[in-house]
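I've put the structures underneath this note.
What follows is a pair of complexes built around chain A, which joins chain B in one and chain C in the other.
Moving on, here comes the complex of A and B:
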């Protein structure tokens, strides 16, 4: 078995990994990026709609265009890219990374690793709907891949469960390709995705959105023939007597993404709400040589955020490979009211920290408070579909370090 | 007098805007909290514009499709016509990113451009360095 050494190894060639590898190589460290698909880009390759890069490139690009820019930057950086190769295991003691590809098994021994494997979709099984399992039930990302990359339509008449951005984008995409989209169901009393997507993906094509609704049964032996939906109460439980039938051959599920973190979960500890590894301000996990960025840490809405995180993780991984990160006492931060996703979960007081958080419900006016108001920021029109970012400068981190317990909370005003 | 209700998408606030119209004439715009909201509403009730992204068939390519977009927003009412046209198109590989597939599509002043590169068939992707 062949074995290689490198300074920085990046696992996953989506937006986070591409940006990380460029940054590490630009910092002068020998860098290898491993991607299991035949070309890099990750989920961007199938997101052909515009809406990417407004922050990073100051123009609105489609997913493939955004990916192409990152690949150009990577080529210029001198990082080496191995495609068609998967990482199977990471040994936390020796840092040996086992990979497999067309040329067989290879072990890579890096000084530092950036973990950027993205997220996977929650499948139908996770919904615990009893009954048959007919053909015609697809996760939204799979349907997107079939339609946009393989020229295949999933069916003729579709219902969509979940109004997150992926569900909304797929409603429009399927409609434009001639599939009859009969509606979108959303468990919550508010839409999951951006207002812009509600307007431009549903309203534009008169696709109905049924809030506070879910699927309670699916029908059909071979192919899906119909779906029973019902209204739900505030706790998400179906209300008896509200069932209605949708005669569809296709059910598209957009019911959440889960960070792909099994390879490292065993030895770094996963945050129970983010479901990815706990990281600090430098995107460093609890294994000092292991950095993580992008959707493998927590599900982010914007690729710009993901690319910026990757860049930062790549830069710090390069510095770790040069033994250039001082060991300091970190400040753990915890969730107060109205905080779901929270990244990072530890502040490294040596650098400015960008805190990313998600609220559980829409609020017109609110305030983020960190450490009883040592850092605070007013928010207008905050919604779960859009993460909030708050910067904690180094001076504020020094103040926070004096508190026994640092909470991040969002107070409605 | 006609009333049109819109959700503003200029910022995350999502104001509910009401536009009162007399025929084609805008009588009033209410519910917005800033001038961007008014501009958005006026555009939406006169000529709503959208960038359309879809895909076009590729002959002899490493992928069966190339993703495309209009390089400028086009009137929303032309979307069905554009989709009809796109179905009849095909392009031979290789396709460059940014390549114009249809110039001045449906006389809108916008071009239909490729948003990814598609190589010729049987190019071995393999290892890139």
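Moving on, here comes the complex of A and C:
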């Protein structure tokens, strides 16, 4: 068995991992990045539409262009990149990271790890939609990969379930490639994706969006022949008498992403709502040497946020590899009213903290309150699709530390 | 001597393998593109303890014998088999009485090791079982398999011993001349045969009628399932049954060989066999959840990665129809409802001996009962992995990340006969994990296309008319 040592090991070469590896190497630490695919970039590689990098580069780039910038930065940083290699296991006791690639099995023993494995799509089976199991049901990311990277057309007439950004983008992509997109269904009474995507991907092409609708059955024994949809009530239950049929050969699902965190879940604990590891202000998990960033922590809206998170995690991992970041008493924060995703879940009072959160429904005017108003921020026109960011300065963290229980809440005004 | 077996489910596969012992020409006809795409694909995969079966029935007899044979069979054919045992859970005094009856019945038919254990004991073995449990019946001989593994392994071994396999070939008629079988008609032409075995699963009634035989009379009974992610491991450590009802063994909670948790099945009699008989229903899936939660209240249905249904070929009267018929040379292994998977090795042994006796056949010494399964990367230790990659670097490429399946395994599966995405999936478990192929389908499509030498648009999921993609985006 071949074994290697390094200061920082980054697992996953998407936006988060690329940024993390650059930051760690720039901080002067020996850094290795491992990516399973043959080239880095992660999900960006298949997102050929523009809309990336407005914050980070003040330009609208396509996904591959954004990834190319990160790769350039990485090359300049001196980090080593191993592609075509997968991480199979991490031993929490020895920090030995087991990897496999065509050159063989390698164990890497890093001082610190940044976990940046991204997210997977929630599959059709998880929805428990009744019916036979015909071919022609695709998750949106798979359809996107087939169309954009493999030049393959998944079908001729499609319905899209879920109005998250990926679903909206795919509605437009398929339409532009000559697939008849008969509509987009959304369970909630509001769209799941960004408003600009609703306008640019659906409205501009007259693709109907059916809010408060879901699929209640699929039909067809070999290829999909149709889908039954229905209107749902406030609790998401189908209303009888509202069923309607869509004759389609393709159903595209954009029904949620789930952080790929099983490799570490066993020993760091996963947050039940984020579904990724609990992290603190430095993106540190409950294992002091293990940092995590990007969609493997919680599903983020913008790649800019993901890259910034990766950078921060990479920097702290480098610090840790250099001379252990001392364990301080962290301030656990919990969800109050109107908070779904919440990152981090613990505040490290030694550094400023950027809190990221998602609200469960659109609100015209609201206020984020942390620790009964020790930190607060007004929000105007906040939507579940967009993550809210709130900064907690070090002085405020000291105040929060005095409270018995720190809640983050969003109060509608 | 030339003999044909109709149906490459677990029953037909094992019969074909047994017949290969006799140095005769054996042909196996299967209308699907791969073996085990019928009833044998979607069931609980339990090698039953048989205590549910009435003494004196064919089911009881073949079940007990079959169960005992599985240890040796799994060793010969090199498929995973785990005797994890089962517990039947009793919640009230009626249930406890039912356990006593099952125990007595099981002992009468020869089911070993049955024991009634108390509440503390069952809760210590299965801590997640409903705390309202009163007692449980323990059956140590119950095991689990992935049912298609058995059929695939048996066909591979039979092929190594001379079997001629005809996939994608539907039998459309049986030629009977002067009261004896002389051949069959298929959609790929006719074959002269001296004997035919009907192991056609759900279609065994139709095949019987082709020969003019009026048994079995079958009706379809659907069973729906929910499969949970490996994160649910520990929900059950053994096969958990509720105390039985009239027409089924109830909704079970069990671990699969692969480490997932399976919930189900329901039991719904269908009016007729339609192409969408194996569809799930909202009522059925809800019944699976509530039935399973009765046994393990804390289980988390949000961990669902897949739902599916299987259809049982229920014979009128409930008995297997195994043996010769009024037509000489026409044999049946039909009406193979549950516990047909358990019984299959015993049915195969019995039927092949009957045929050998009738035709005066002798076992040939050249028969090699051993089959080696291709390497499964995820189950190897580090040294074995390194050696495999050294030999063939494609074993170092993980394609299915959820189940850690490598490109080398997928190529091996295709070389061993997989021609479809499902064929690859059942043989390697690629696409069977928590993302259900979201990440790897495109790669598998590419590998299938390359290995089969067809464009990706021609690659199918299960066979004809179900291509994954319909064409190119641009020429």
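Here is the rule we go by: the second predicted complex is superposed on the first by the 412 of 413 C-alpha atoms of A that agree within 3 Å, B and C clash if a C-alpha of one lies under 4 Å from a C-alpha of the other, contacts with A are read in each partner's own complex, and residues count from 1 in each chain.
Note that a residue touches a chain if its C-beta (ideal position, glycine included) is under 8 Å from a C-beta of that chain, and two chains touch if they have at least 3 such contacts.
Quantities reported herein were computed from a predicted structural model and do not represent experimental measurements.
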Practice problem: Could you classify chain B and chain C on chain A, in the superposed arrangement, as clash or fit? | Solution: fit
Exercise. With the two complexes superposed on chain A, say which partner A:76 touches: chain B (first), chain C (second), both, or neither.
Key: neither
Quiz prompt | From chain A, separation angle of chain B and chain C (C-alpha centres, steps of 10 degrees) | solution = 110
Quiz item: Of the partners chain B and chain C, which touch A:65 in the superposed model: first, second, both, neither?
Solution: first
Exercise. Using the touch definition from the top, say if A:104 reaches chain B (first), chain C (second), both or neither.
Key: second
Quiz item: Between chain B (first) and chain C (second), which, if any, makes contact with A:196: first, second, both or neither?
Solution: first
Self-check item: Partner chain(s) touched by A:151 [first = chain B, second = chain C, both, neither]
Solution: both
Self-check item: Partner with the higher number of touched chain A residues, chain C or chain B
Solution: C
Quiz prompt | Partner chain(s) touched by A:128 [first = chain B, second = chain C, both, neither] | solution = second
Practice problem: Using the superposition on chain A described above, determine whether A:243 touches chain B (first), chain C (second), both, or neither. | Solution: neither
Quiz item: Thinking of the overlay built on chain A, is A:86 touched by chain B (first), by chain C (second), by both, or by neither?
Solution: second
Quiz item: Measuring by CA atoms in the overlay, how small does the chain B-chain C distance get, in Å?
Solution: 6
Practice problem: Find the residues of chain A that appear in the contact set with chain B and again in the contact set with chain C. | Solution: 84, 102, 149-151, 177
Quiz item: Where on chain C is chain A touching in the complex?
Solution: 226-227, 231, 275-276, 278-282, 284-285, 301-302, 304-308, 382-383, 385-386, 389-390, 393-394, 396-398, 401, 404, 434-439, 441-442, 445-446, 456-457, 460-462, 464-474
Quiz item: In the complex formed with chain B, which residues of chain A make contact?
Solution: 38-39, 45, 48-50, 60-62, 64-65, 68, 80-84, 102, 148-151, 176-177, 195-196, 198-200, 203-204, 364, 380-383, 386
Quiz prompt | In the complex with chain C, residue positions of chain A that touch it | solution = 1, 36, 84, 86, 88, 98, 100-105, 120-121, 123-126, 128, 130-135, 139, 141-142, 145-147, 149-156, 177, 216, 219, 221-223, 249, 260, 262, 265
Practice problem: Flag every residue of chain B that touches chain A in the complex, lowest number first. | Solution: 6-7, 9, 11-14, 48, 50-55, 57, 63-65, 67, 69, 76, 79, 83, 97, 115-117, 125-129
